[in-house]
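Next, two complexes with subunit A in common: one pairs it with subunit B, the other with subunit C.
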Partner chain A sequence: MRRADKEDEPAVYQRVVLKNASPYHYLKVCLVLEDESTRLSAVELKQFIVTGLNSLYGEVGAALTFDLLKYDEDTLTALLRVCSRGLVKLWSSLTLLGSYQNQACAFRVLQVSPFLLALTGNSRE
Partner chain B sequence: MVRVKSRYLLCEVNVSDRSRLLLLDDRAVAATVKAAVARIHGDYGAALCSIRFSVKYLNAHTGIVFLRFPKKCYRLLWSALPFITCIETRGQKISCFLNCLHVGGTMRTCQKFLIRYNTQQLHRMLPKCKNEEEKQQVQKAILNCSLTGRNKEAFEVESESEEDEEEE
Partner chain C sequence: MSPDLERTPRNLLVSERSSFLDQKNRISSQLDQLHFNYKVCVLLPECSSAPSHLDSALNTFSSFYLIRKLPLYELLDTHFLETVRHGGVSGLSYRTRLDEDNCVALMPNGRLSLSLDKDSFELLGVEGKPSRFNHRTKSRFVVCVDLTDSSMAPGGRGYQRLVTGLTSRLPLKTDFLMSLPAGGGASVQALLSRYDWSEHRPEVSSCSLTDLLCPAPLTSDPPAPLTSDPHRLLEWLGAVHAAVSCENSSSSFLSSLVCPEPNKKLSHALRVSVCGLLSHQDVQKLIQEIRVYLSVSPPGSASWASVTLHGFVDSPVSWGGEEHGVLRGGDNFLSLMMFPDQSYLLHLATGAHDTCPP
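Up next, the complex of A and B:
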């Protein structure tokens, strides 16, 4: 922005591009189980995800800090928050997590965003 | 040019009593390293370890071991080495720890470093010698250390002096 521009027009259009926009990434996931009536508590779900990280990435992976921000027990939908550097590890271990207590299960990742507010609007539904 | 690159880690196996060191063999060390990497880095680490990992050289007398890792992921696999507490071989558990001395791109550079390191160790041992004949032996060993056709001579001579040191 040159000084001349600033003097002529008070409001100048500026485009700001942020590479690493936010330190955290937020994931909205839904757990789908073979037996539809099983219920997990929040603690059990977090433990389950930690065992998934452990099997794929070992002790170092299991030490990855992530938070369970919101959890709906009836639909088994959860909102996870993880450090941006750990997103790939968490998402890949959710993908490869196959069985919960001898029944087949799958994690459906519904939304991912670096901003929590972006998860409120879903263009898919 | 286009070449497959690896990293060679020169490690020293430290044990509390040296007699147990002689039981080591390269397959036991390889299995221990793989198990440690699988425990610390999970399936991902175990898969990285299976590509181009091997124990290239093991000297049971001095406890020196050369490990080869692929260049892309050697730091990740290196980070699992401090978690090794014991090596299991032939039904016996040798409690030890691995100390990494040098990282080289080829075996030859690691060997050159090892010879320099061994001469430094011998120089350190010289003032500690109690009698004249040990001094002679150590001095002869220092003069013999060189990278000639007979490379193994440097290693064997070093091991004799070290064993003499222990007998004191």
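Up next, the complex of A and C:
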């Protein structure tokens, strides 16, 4: 984290510039399954992602904490939160997760941002 | 563990505290510099429905046009250029992805910006420069033309070269979103009549929230802005707008997201969003109305109001006409939190392929 451009005046003006200071990154992902009628609960989805982390990074990798902030069971779309240092690990394990209960699957990462607020206003949708 | 695995693309957050009453405040120019606004989200605490003047401000955003398959040389049409020279016309290519396709933006000051891939740039044959966000190879180029400049007058050398480029060498066609100043519709009728076009009003949606957890400094009297940790404030705001629950116990398997402590429950709040190609005059007017709303509200009711303005992800330009790019995301948004004493807390956020916000 770096702070630059801090100006203090007797009035209320204050400006702070923070670079790479976001503690978390947020991902909007969608699970695409071979059998489109399959449904997963939120707990099953989170467990599935944990197994993906385990298969790629082992037990220590699977201990990476991430949060399933929001989940839509109908579209299998989820909002995930992970600490910034763990983003690459989580994203790579989502990429390499290829099968769920013997059917082919893929995680589509729709949006990634260090700000949750940015995920609410995506003009690409 | 390799440190490379822990690196994320650069992101910037500018956090500013000032007051509308301070003559040196730059809020108006900062708002104007985000040219292409996609969505504005308003959050009003202790409010179940918008008061009438605010409601009318939200529902009277100017309409915009969507022109399908517009050939870009039409933007250099003589009559259209006259309208551009008067100022206030802005446009953006629609459904073009900045990291894959060719994108076009026309700013209200008459500057046309084309973000092109290498082949298209070489075909076009007009002076441009490599994108400042190229990594190793120069794969994207930016052509910036000032349509109000004398060299771009019809018949001028620069004008001829660009028209020839867009007609014969690189006949680009794209769906185009256009916003015109008030009363400007008549001047582009000739252009619109040649193509398939439709007029749209920005979409307004509102939602009344109940039992909303809110950080206590915001609800105290007088409210104390959460300046110590802007990321936590923005995360809480994002959770409210994304309808993410903040009531998770520490032992929950699914999520541990909680509202910043200390917090207080609000009995109700109103969340409104407006989506479309929004002009910054309408956004400025909305902010004015919210300031009035805050100043006349009885003490203890509305102690703050939040406005979040999202820019287009695929706009070739962002803050102040500077180049914008998409690496893993194209965030460029600003979040303004206003208080009854006319002070405000402004956050400006950008991603990797952006310059520092003003």
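Just so it is clear, the second predicted complex is superposed on the first by the 108 of 125 C-alpha atoms of A that agree within 3 Å, B and C clash if a C-alpha of one lies under 4 Å from a C-alpha of the other, contacts with A are read in each partner's own complex, and residues count from 1 in each chain.
Note that a residue touches a chain if its C-beta (ideal position, glycine included) is under 8 Å from a C-beta of that chain, and two chains touch if they have at least 3 such contacts.
Owing to the predicted nature of the structure, the values given are computational and were not obtained by experimental measurement.
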Should subunit B and subunit C be called a clash or a fit once both complexes are overlaid on subunit A? fit
Who contacts more of subunit A, subunit B or subunit C? C
Just to be sure I read the superposition right, which of the two partners does A:L117 touch: subunit B = first, subunit C = second, or both, or neither? second
Between subunit B and subunit C, whom does A:A21 touch in the aligned arrangement: first, second, both, or neither? second
If you take every C-alpha pair with one atom in subunit B and one in subunit C, what is the shortest distance in Å after superposing? 5
Dual-contact residues of subunit A, meaning touching subunit B and subunit C, are none
Could you pull out which subunit A residues touch subunit C in their complex? 11-26, 42-43, 46, 65, 67-70, 79, 81, 84-89, 111-124
Which residues of subunit C touch subunit A in their complex? 4-8, 10-19, 22, 24-25, 38-39, 41, 97, 227, 230-231, 234-235, 237-239, 241-245, 253-257, 308, 310, 312-314, 328-329, 331, 333, 335, 343, 349, 351, 356
Show me the residue ranges of subunit A that touch subunit B in the complex, using the header's touch definition. 53-61
Mind pulling up the subunit B residues that touch subunit A in the complex? 38-45, 79
